[in-house]
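Chain naming follows the written order as A, B and C, and within any one chain the residues start at number 1.
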Amino acid sequence: MTDQTSVPRGSAPGLTRRQAYEQRLRRRSNTLAAGSTLAVVLAVVVLVPLAPGWDAVKRSFFNGQVFAKTFPGLLDAFLMNVAIFLWCAPIIAILGLVIALFRDVRSPALYPLRLFGAIYTDVFRGLPVILVIYLIGFGVPGLGLPRPWNSPYVWGSLALILVYAAYVAEVIRSGIDSIHHSQRAAAASLGLSDGETMRYVVLPQAIRNVAPANMNLFIALQKDVALLSFIGPVEVFRQAGVYKSLLANFTPYVGAAVIFLALTIPATRYADYLMNKQRRRQS
Amino acid sequence: MAKLALQSVTKSFGDNIVCRGIDLSVDEGEMVCLIGASGSGKSTLLRCINLLEPIDDGRILLDGVDISEPGLDPQPIRARIGIVFQSFNLFPHMTAAENVMLAPRRVLGKSRETLEAPVKALFDRFDLGQRMQHYPDQLSGGQQQRVAIIRALAMQPEIMLFDEITSALDPELVGEVLDVLRQLRTEGMTMILATHEMAFARELADKVCFLDASRILEEGPPETLFSNPREDRTRAFLKRVL
Amino acid sequence: MSLRLRKSRAGLSLTHGFVQMLCWSLDKFPPPSNLWTTQQGRTIRQMKTVITSACLLAATSSVALAAGHGSCADGLTLEENVLTIATGNPAYYPWVLNDAPESGEGYEAAVAYAIAEELGFEADAVKWVRTSFDEAIQPGAKDFDFNMQQYSITPEREQMVDFSLPYYTSAMAVLTTKGVVDAGATATLDSLKGLVWGADANTTALPMLTEIVAPEKDPLLYGDNTDVTAAMQANQIDAALFDLPTALYLSAVVVEGGVLLGQFPAERSENPDQFGLLFEEGNPLRDCVNTAITALTESGKLAEIEATWLQEATGVPVIE
């Protein structure tokens, strides 16, 4: 009897005191969150259009007519982004893995590989992507290569591959380092060679551990494909620039942003989901 | 001839000397227990025998053959000597059965098919037949250690090394693991254990070695060493742990 | 005598400067509107009326002083008595020589000063600023009266910004390299179709390219002239389309082994490429500038400037 009266009003019967307390707490913070979000949205929706320049901004950035006219063309150009991404991603994964393995080489005879791996990752992580794209995309073909070997697609992609492989290599290496040394000892004690230990014991665990981090890298890659436009390929960012120039209107950039977000937001969510799942598994 | 003989084995990590001239002889079918405080060098000694750590000086003879010769390929030798560690033994991304089959498949080149029957028999022998398809995180700590032992046995080693394999276990799980060792003892396996289970050592060991400050201070049959130790330090250690 | 006159003019213009500043600040920072209802507000309002009349008076007299005659640009420029003209950063030859429009050298620089003169501005009343294409079309207040950097007039762009009457009608020329010509490229549409094309993405060269040449392979696009020529040098593209004066300059100075394969003449019937001054939409100054351009065209002054600064392209074959 006394127990029942102690249950606060508004909470479902059958809850423990703690559950009831937490429920109240949750409701209060939800109300607060909803209220403040609504206030901010209202402020933006009501106040921004009151700004004296809003009409002009709307006409140049959020122009429905221009959007409708250019969006199909942008989607079409985005196929180029997807294609570049698709041929770069597997090569990046393989090269990143190879570099990561170089950096893990223990035999003194192979020390040069280890050194190479370290220099490689330092250099390519230290350079802005756009710089590498310019240097390789215009520089290497300028040496006088015949077509089709001087194509900006080839060398631009190579620039992306080199830079991103450096990042992927570092991520994989951190994954390798995260595997407890007993695992290597256990494998070695069974008679497995260093290579077999790496292949069957360390890498499968390491790669699974760093999958979310790598996924984030590949999301970044998807965005950086746009940088290839600087050396010629007409992908969505360049196509938006062309429309901007022809129509003297920035709306096509907003269209391009919409396309990127449509792809990257679900991908980012998924990576976060993987990461959380992993954290739960490890704890 | 001793199955395994250590002659003046020395080993150091930088300035830290972990084996100061260790001599030890283990006969076929014998069970030797290494006791001593943490840091006395038990684990390192086992890792040296298994060639996981190269020794600085001295010799390790297996069936009279020097296996510690620098430059020798350690892999075939390691395959003849099984070892089980305190923890992180099993590969978490493989089922118990896959853990056990990995080395026979990759090192001995046996096929999955030919391995299935003997591996099943091994699991059954140690009462784990129902757990073959489980992943390590679905097994209790005791079961994990038993699978690790089965995995080492699958390579049909001539000697088994155990490095405090019950130290990380909850007390109620220790028994089932020690039972496995008992069973191996009856089957005549040559074994070296680093252990804190004094009662177990006293009950089953042929020889007990007390390690202190990186050397074997005293060794002998368990009755003598436990009841009537010669050295003061041995007596002090036993007083602390018994 | 003359010395005294100059002195007094200087004094006058100093006073003018002060009055102007006052007028400007009143314009920029009007007293808050709620003040108008109070007693104090009324006083301020009365004050403003007085000052405004003074300002008007001052403005009229100052223009009369500066320009010497009544100009339709009065009060329409960003800054009183100053004509602010924007150009590219950098501004390219032969439109502006040495990236120094102040010198009046180069076709556009010369046209700019001719227009300024026509509008009644002395040369030292012309102020130059630099903008990119994007800055020129972004919404919001502009920091120039008009922008002059070979903007092609198109109906699509005119929906967002305003253009003056054309001050130049350009032929379009095909820039290529000796290697491509040696490999058999000729000044015929058929031959051009088979080339790999590049263009500056910010220009109207691309639609012209797709409409007139319709190349078989999709053209590669770049952010500026320099990148187009870099790609040509790297043999990634065979040819690029530029306005003729730019193409002449690039072939002669920038691209090693550069050749002008041919031109689409300025007087071709469809889609002439005409350059106009760019204004913020609705800028009333445009009408004055148009009057000035018409006057310059009719007086033959524009043609004269063109003859001075733009090379004749007689040697470039017309593309069939």
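Methods note: contacts are C-beta pairs under 8 Å (C-beta built on N, C-alpha and C of every residue); 3 or more make two chains touch, one makes a residue touch a chain.
Note that this is a predicted model, so its numbers are computed, not measured.
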**Report entry** Number of steps on the shortest touching-chain route linking chain B and chain C
**Finding:** 2
Query raised in the report: Of all chain pairs, which one counts the most C-beta contacts?
Result: A-C
Query raised in the report: Relative to chain C, which chain has the most distant C-alpha mean position?
Result: B
Query raised in the report: Which chain is the middle one, judged by CA centres?
Result: A
Query - chain B-chain C separation of Cα centroids, rounded to whole Å - result: 86
Query raised in the report: So how far apart, in whole Å, are chain A and chain C when each is placed at the average of its C-alpha atoms?
Result: 42
Requested in this report: Give, as an integer number of Å, the spacing between the C-alpha centres of chain B and chain A.
Outcome: 46
Query raised in the report: What are the residue numbers in chain B that touch two or more other chains?
Result: none
Report summary line: chain A residues touching chain B in their complex are 180, 182-183, 185-193, 196, 200-201, 204-205, 208
Requested in this report: Could you pull out which chain A residues touch chain C in their complex?
Outcome: 53, 56-57, 59-61, 138, 141-142, 144-147, 150-152, 229-234, 238, 241-242, 244-250
**Report entry** chain B - residues contacting chain A, complex
**Finding:** 47, 50, 52, 74-76, 78-79, 81-83, 85, 87-93, 102-103, 106-107, 148, 151-152, 155
Query raised in the report: Which positions of chain C touch chain A when the two form their complex?
Result: 133-134, 137-140, 154, 156-157, 159-161, 198, 201-204, 206-207, 218-223, 227, 230-231, 233-237
